[in-house]
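Next come two complexes, and both contain chain A; in the first it sits with chain B, in the second with chain C.
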Partner chain A sequence: MGDKLVVLGAVIVLVFLGIAIFGPQFAPYDFAQQFRASPGELLPISVMSTTATGERLLLGSDALGRDMLSRLIYGTRTTLVISISSVLLATILAIVLGSLTGYLEGSLFDEIVMRLIDALLTFPGILLAVILVAAWGTQGIEIGPVTTTPEMTIVFALVFTFTPRLTRTMRGSTIPQAHRAYIKAAQLMGMPAWRIVAFELAPNCLTAVIIQSTTYLGLAVFSTAGLGFLGLGPAEPQPELGKILARTQEYFLNRQFWHIFIPGFTISLLVFAFSVLGDGIRNVLDPEYRFEKADV
Partner chain B sequence: MNAGTAPDRGARDNNTHPLLQIENLRVHYSAGRQKLNAVRNLSLSIDAGQTVAIVGESGSGKSSAAMALVNGLAGNGEWDADRIVFKGKDISRQELMRLRGRAITYMMQDPSGALNPVLTVGDQIKRVLKYHTSLSKAEREIRALELMERVEIPDAASRLQAYPHEFSGGMQQRIVLAMALAPDPVLLIADEPTTGLDVTVEAQIFTLLARLKRELNMSIVLVAHDLGVVATSADEAVVLYAGKVVELGSVDALFRRPRHPYTIGLLQCAHDLHRDNILNPIPGRIPGLEERPTGCVFHPRCAWKTEECESIDPELAPLDGQRVACIHHQDVSAATPNS
Partner chain C sequence: MVDRTSALNKIMSLLKYIGRRIVSAIPTLILITFLSFGLLYITPGGPVEALAGIFGTQEQKERIRQELGLNDPLHVQYLRWVGGVLSGDFGEMIVMAPGTPIAEMLRKPLLATFWLTIAGALIALTLGLAIGALSAIKPNSWLDSLSRVISIATYSVPDFWLAIILLFVFGVIFRYRWAISGQIDFSRNIVFSLQSLILPAIALGLAKAGIVARITRGELFDVQNKSFIQFERIMGLPRWVVIKDMLHNGILPIVTVLGYTIGLIFRGTFLVEVVFGVPGIGLFLVRAAKTQEYALLQTLVLCIGSVFILINLLTDILYGVLDPRVRS
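Let's look at the complex of A and B:
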């Protein structure tokens, strides 16, 4: 049963990845195009709307007359890009910081980094990301000559939220390995510290952090959509799943509340698929868990 | 010699100086405000092509002494020496440290731990070559294979792609040895190289070490607690007790005529198949770093102890080519017959 769920999760994730990558090819319309029911009047909110020019919109339109299906496809793309790149960046950062602090356990560098991380850990869950995005704004920030895109702002905020815990995990798995004889052997061979950390130590300590980061993918989708829902997503007209969900509130006025299920179900499905897949990856990578299962 | 051989291989033989001389090596560990002496004034002189053994019980400081030579002491450990002479030239500690990994390599005790579990053994050997030689990628490939063959690993070409866990303990130690030989060292420090291996494998490793030492004209510092091993594979031995050298000399002399009560005790502990003797252990145990007695460190366990021993810390005194640190050495050697 568990294995089948993992396969299902993997299939769903792959389908969503396909949508994200090839979305622009098969999205029926531009996500920002506003359709009109008649000249001068925006398309009303409904399913299977037909526009003044005769296009039929499969999932209807939003309050601004834009095609729901196209926005959903582009929104999935935005959400996935933000969540996957934030988890990826956070994981890389955590591997670097965690292996260095673990190798240099007790040093000044270790103390400084870990106390900063402790400080970041005091913010519960998504709150830190909310504060950061609110502070930086959703229009992008200027860092010297480079201006970040709004998406990058959200990615940075999420990296700040994910990195502390991942770094702790990486450091935790690095410390016991750092005291193993092969590290001593590498030191006695006269290898420089950075080589030892990068090539000898870190590759032996990745399992736990990779397991944790895969489970973070679901959380990242949830957080990205959450930020979007709270109005901290990318600026209009860029679609994003959380933002689309927030806009479905407008359907309530039309007594078509079930519209909320279109983006809502999409988000749930993505989070579910990533969670199941993360569990599956853990089962493969974590031998202890595998043995536990075999005993039963 | 193939690619990767040090160019001064021949020049080394013309040298009449000892390869490495250390005068008064001291190692101490700091614990809080205390400084605990692990090794006191150990002097070593290693000739080219010679094997010098550092012998002692656990806690005698033999590993600390060996680790100091490659600057591998634990974080709270520090070492110092009055003089370090390498190939007839005075060098600083920093210069000695720069030799490690190239001219001086270290072979770890526990072979299964000394190899990185996630890399193939071939990669690990090539990594040493990459870091310590100027060989090209293709040359490193050839040299790695040559090293595997040199340490007598059967089917070396295909075994390069194997991971450490696919090898037995003896084979793992051969790979550790191959890695230690990769930079073409002039001195190999082998810290109990056969710990955890069974007797037949132990014999194979020492035969291999002896052959390689001859072929490569390499010197070896052998850290050992097993006198049998020392008798068969070392030229000179330094007997260490509680961080202090109690006796040193050629292995022949030490075994024929031990002068220090501790050396005698150690020899009596050794198995002897030909004499149907009962093991005769030395009473008591080696004192810890913070409980070293005054006077001669061995006096609490010594059968020759007199009152003077509790106050006088004997110096190493020369005696027929050996050197011994015991105020009663004349009585001791008179009482013990040549064996």
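Let's look at the complex of A and C:
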């Protein structure tokens, strides 16, 4: 059964990646285009209903008359871009920081970085991201000549959330390797420290951190959607899955069940697929693994 | 006589252990204050703009500039801020309730979140421990697969979506008034508060029960491979006896699960609070984030950090109480 689940997860992930990459080609409308409800009806337009101008909207519209299906397609794109890039960046940062602190175990640099990580880990999950996005604001920040986009702010906040634990993992797998004979040999050959870390040490310690980062993809989608849901997502009219879900409470009055169901279901499906796939990858790379608290 | 001294020794060693734990929590607490203090300085507009908020007048800005003493070196500013916090001065609200001291505004939200966390943790623990223990005793059985499916499902379903669906079903379709109130304030109306607690607690508890079950299963898995459990099984003792002995032996792992669950639920409360409009810390945090109310944000960072440190500390102490081996 486990294998079947993994295959299912992989298929769902591929479908979603397809939607994210080729979405603009087959999205029926622009995500910001507004439709009017047909005469005598009110917005939001219900599932499978026609607009005033005669278009039939498969999933209806949101409260501003924008096509729900197109918004979901573009929203998936935004959510996936934010979550995948934040996990990628966090992993790279963790590999650098983790291998350096592992190699320089016990040094002042190691102490400072690890204490900082301890403090960041006190705010688990998306709490830290919420706090950081709150501090930076969602309008974008000017750093010298560059102004960041709101999406970049979210990615930075998520990188801060994911890096601490990943760094710990990387450091943990680096420390035993750092005392091996080949590292001693490299030191005796007079190789500069950065070369030892970058070319000898780090490549041998990647398995654990890569396993962990794949399991973080689900968490990243969850966090991105959570931020969007709290109103700390990308600015309007840019769609994002959590943002779309946050608007669903507007459909309570006209009881649009599908409007409430579909955005949340899409998020669940994505998180499900990523976590099952992550588990599968972990089982292949590390068969001895046991479920741990640090995974959540 | 002998008994009394040994009892005294036990208490002394426990007290020493507790003292050591408390001392070891202090560095983290100090780091949290750095983080909370530093929050002002990483804001796009700098501390004065941040504290004055979007509607801050020129006059307010000038006052804030003087209060912060921005010309002083950073460590002096930090110490002054910490001194204020220690004497209960967290600053004032600027946007939401202008002029009100923050310390005054915090009591009710803290209580509401506290009750919500307790109720949610109760549901998550009851369900999670039961499912986890049952699937640990029979690994790879249908029950184990079922618990796996449930835990993956609950792991994937965001608690805020579950909350919206519950709100829709009970509030909009069945039209229960208590379902949509979100008013958790036991000092005012106990019955109504309990009713309002039900849906948010279920949303939280269900969403985390799967994870708790998974961890419980993992923790108990080792215990059930021990020889005396195997022996009990071969003897054909009733299943509840075996489970009882396993739980007794696995009490330490369970305590870990307990502390962890409470942390998990506390973390989940703020999204669920937003859905149900529960006036707790989470809703406060989100409002502070949206209105860029930085003094409040700083206080909340300090509060939330301290709560997590406290949860870890209590878990550690419970550990020491239950198992004398941990103390040394």
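Convention: the second predicted complex is superposed on the first by the 277 of 296 C-alpha atoms of A that agree within 3 Å, B and C clash if a C-alpha of one lies under 4 Å from a C-alpha of the other, contacts with A are read in each partner's own complex, and residues count from 1 in each chain.
The rule is simple: contacts are C-beta pairs under 8 Å (C-beta built on N, C-alpha and C of every residue); 3 or more make two chains touch, one makes a residue touch a chain.
Predicted model, so just to flag it, every value in this text is computed and none were measured.
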item	value
Chain C versus chain B on the shared chain A, clash or fit after superposition	fit
First (chain B), second (chain C), both or neither touched by A:Gln249	second
Partner chain(s) touched by A:Tyr182 [first = chain B, second = chain C, both, neither]	first
Contacts of A:Pro203 with chain B and chain C, given as first, second, both or neither	first
Touched partner set for A:Arg56, first chain B, second chain C, both or neither	neither
Comparing the two partners chain B and chain C, which touches a greater set of residues in chain A	C
First (chain B), second (chain C), both or neither touched by A:Gly190	first
Gap in Å between nearest CA atoms once chain C and chain B share a frame through chain A	25
Common ground on chain A, meaning residues reached by chain C in one complex and by chain B in the other	none
Residues on chain A engaged by chain C in the complex (per definition of touch)	1, 5, 115-116, 118-120, 122-127, 130-131, 133-137, 139, 141-142, 218, 222, 225-226, 229-232, 245, 248-249, 252-253, 255, 257, 260-261, 264, 267-269, 271-272, 275-276, 290-293, 296
Interface residues, chain A side, partner chain B - complex	180-182, 184-191, 195, 199-200, 203-204
List of chain C residues in touch with chain A within their complex	27-28, 31-32, 34-35, 39, 42-44, 145, 152-153, 155-158, 160-161, 164-165, 167-168, 171-173, 211, 214-215, 217-218, 221, 256, 260, 263-264, 267, 270-271, 274-275, 285-286, 288-290, 292, 294, 297, 300-301, 304-305, 308-309
Of all residues in chain B, those that touch chain A in their complex	70, 72, 97-98, 100-102, 105-106, 108-110, 113-119, 127-128, 131-132, 176, 179
